[in-house]
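Please read through the structure below; I'll follow up with questions.
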Amino acid sequence: MPAFFEKKQLVTPGELLAEGDYLPGENTFVENGKIYASRIGLVDSDNKKVNVVALRAFYVPKTGDIVIGTVIEVGFNGWTVDIKAPYTAMLRASDVLSRPFKPQNDELSAVLNAGDLIVAKIASYDRAHDPQLTVGEPGLGKITRGQILRVTPTKIPRIIGRKGSMISMIKQETNCQIILGLNGVVLVTGKTPEDEEVAIGAIRKIEEESHTSGLTDRITQLLKEKKQPAKLEENKVE
Amino acid sequence: MSSPITKVRLKQIETLLEKGKRLDDRGLLDTREIKIEQGMIEKAEGSARVLLGKTEVLVGVKIETGEPFPDTPNEGVMTVNAELVPLASPNFEPGPPDENSIELARVVDRGIRESHAIDTAKLCIEPGKNVFVVFVDVYVLNHDGNLIDASAIAAIAALLNTKMPNYEVKDGEVKIKQGYTPLPMKSHPITVTIGKINNKLLVDPWLEEESVMDSRITFATNEDGNICAIQKGGSSSFTPQQILEASKIALDKAAELRKKLNW
Amino acid sequence: MNEKPDKLIDKKGIRGDGRKADELRPLKLQVGVLSNADGSAYIEHGKNKILAAAFGPREMHPKHLAQPDRMVLRCRYHMAPFSVQERKSPAPSRREVELSKVIKESLEPALFLELYPRTGVDVFVEVLQADGGTRCASITAAALAIADAGVPMRDLVAACAAGKVDDTVVLDLYDAEDKLGCADVPVAYMPSLNAVTLLQMDGILSPDEFEKAVNMAMDGCKKIYALQKEALKTKYMVVKEVEE
């Protein structure tokens, strides 16, 4: 029962991956008993499951995901939020206000207005309805400072690292607070813009080199170099 | 239709501006890198493609014959059209030209016309009956800010690349002959657009700055250092001092670019 | 300005532009050329120069055009005024409207429309220079733009035309052959799935000639498909080279 690929081979949509005793995984589909790639990416197999890690994909909402979005519009009983997905998300007023919502009295735009950034959780989503957001948990709500960058959503797991090791290292070395939205939007808040730039640089590097080996070492190196330029200068004077 | 600029980003832009800096590390008076390519559309009589940062504009020039305007029977005709095609930005929709596309075309036109860039007197075939008509089609391919300057430079570059067919008039009929002559040009106007954010003037606003700026002003200047067209755009206002300051900046930047391009 | 040749194909079987009957025009493909589009591609096919962009999946505007159970593909084929010998008005012509429709219908079979209900994917094709076979070149570029946008696809769609000039069935007609030949058969094809998604014909062909033309066009499509894959891999391959 054949597989037609090598580990981490770059495949394109429609490329035949396997036949027979294999299971279709991510970014693959089955036609006439054969498994094909549906997106451009790197193919790999996990037991009998053939997966394609997409190099280019957009975010599809999932209940429970933490996302970062921009408020687009203030509506009658809530806000429309852009979460960089095929669907716009909704945040209901009743979710944000700690008491019942009175349409005549409450001024929604005073709470959240167009252009505000929020960290939210996807409370619900299904094929027939746009995603509903909630900010009713600690750590969620309006963002007032920091820098935003966008990465391909499929790279977020690599930026997190095994058991969060990669992201913890970046946070520690740059003294930044980093929130990784699963929709590929990342918030970096540091004490100085320079610290934020270092963290952003590290994240971008991971995004570009996510599937290569030795990445953890290279990132560690990069963070060390950027962290202590003053000390390096001292050494040079000798 | 993309989402509005976030408040956090806006604050970032404003904070940097206070220090005389911009998001892409430019100074307030710095233009982005300009790349010009000519002649890539062989079916057009002239063409040019300009990359101003990531803003990309393609201009094609087509030459046809037609009747002159009644008030200028011995002069050729020039017309400028601009298309903000949907692939250039998620905010451009297919359809007939909207006010932005028309303003763009008319501002580019003004710079060329008022500076007499094209020597229209040399485009006459038969006075009062037949003249050359120069169609300048501005095609915006990618919008990353400052479409006016990119389009105006591309238009002149395309006109400089334009060749007119040779002809002869025999028995009252215009016959096209072999060979071409370059389009006769008298001037190479250069356009500089300045945006205003929080009363700070910046040259060559890029896309994010444009969504934040309260107004912009464009100056077209010629090689004599004279201004031949101006357009103020946006819903806010300039003080007279700001206008004078902007005009000086525009003249300086135009001279700088003129030297670089050898125009 | 256009001299009509006596014969489009000479005694030695060489065509007006130096090609043999079954030869493709030179092709160049680039992926990811526009920063605002979700996906984009640029093609030079002979003298054709075409830019394609894909936006989406995203909410449909106007909303009432959205379908509750599937994604909608919209396509706009448009020619620049300076793309042809005689300047063309920028307003959409009836030909552009028809081509927009057939191009859309050539790409739809490649998409999993049921995956993203209530959304739309907009594909825009701008012909910067035309020299025969623009609808095929447009499909080839549009398919790449859609793949570049990360929209899942069953297969890439490659397109190529065949036809007849001077009693000979030939591959990939250029402008003069298109205008002066006897038949033009554009074909779009998904090689992995052996599916034809576009087929049209202008002109007159015997059943045998038709079969020959379609087979020739599909062969052309397969060659173009290989170039499409290469173009995609080239763009994303740069990423791989970092590994030592």
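Lettered A, B and C in written order, each chain numbered from 1.
Basically, a residue touches a chain if its C-beta (ideal position, glycine included) is under 8 Å from a C-beta of that chain, and two chains touch if they have at least 3 such contacts.
Given the structure is predicted, the values throughout are model-derived calculations rather than measurements.
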Chain-level touch network, classified as line, ring, star, complete or other: complete
Remotest chain, chain B as reference, centres from CA atoms: A
Between the pairs A-B and A-C, the one where more C-beta pairs touch: A-C
Centre-to-centre distance between chain C and chain B (centres being mean Cα positions), rounded to whole Å: 32
Mean-CA-position distance for chain B and chain A (Å): 40
Chain centre separation in whole Å, for chain C relative to chain A (CA means): 34
Chain C residues counted as touching two or more neighbouring chains: none
Touching two or more other chains - residue numbers and ranges from chain B: none
List of chain B residues in touch with chain C within their complex: 1, 40-44, 47, 54, 56, 58, 60-62, 64, 81, 83, 85-90, 93-94, 96-97, 135, 137, 139, 141-144, 165, 176
Complex contact set, residues of chain C against chain A: 38-39, 56-59, 68, 110, 112, 116-119, 147-156, 190-193, 228-229, 232-233, 236-237, 239-240, 242-244
Residues of chain C defined as touching chain B within the complex: 1, 34-37, 40, 47, 49, 51-53, 55, 61, 76, 78, 80-87, 90-91, 122, 124, 126, 128-131
Chain A to chain C touching residues, read off their complex: 10, 12-16, 27, 29, 31, 36, 38-40, 54-58, 60, 86-88, 127-128, 208-209, 211-214
In the complex with chain B, residue positions of chain A that touch it: 70, 72, 82, 114-117, 143-148
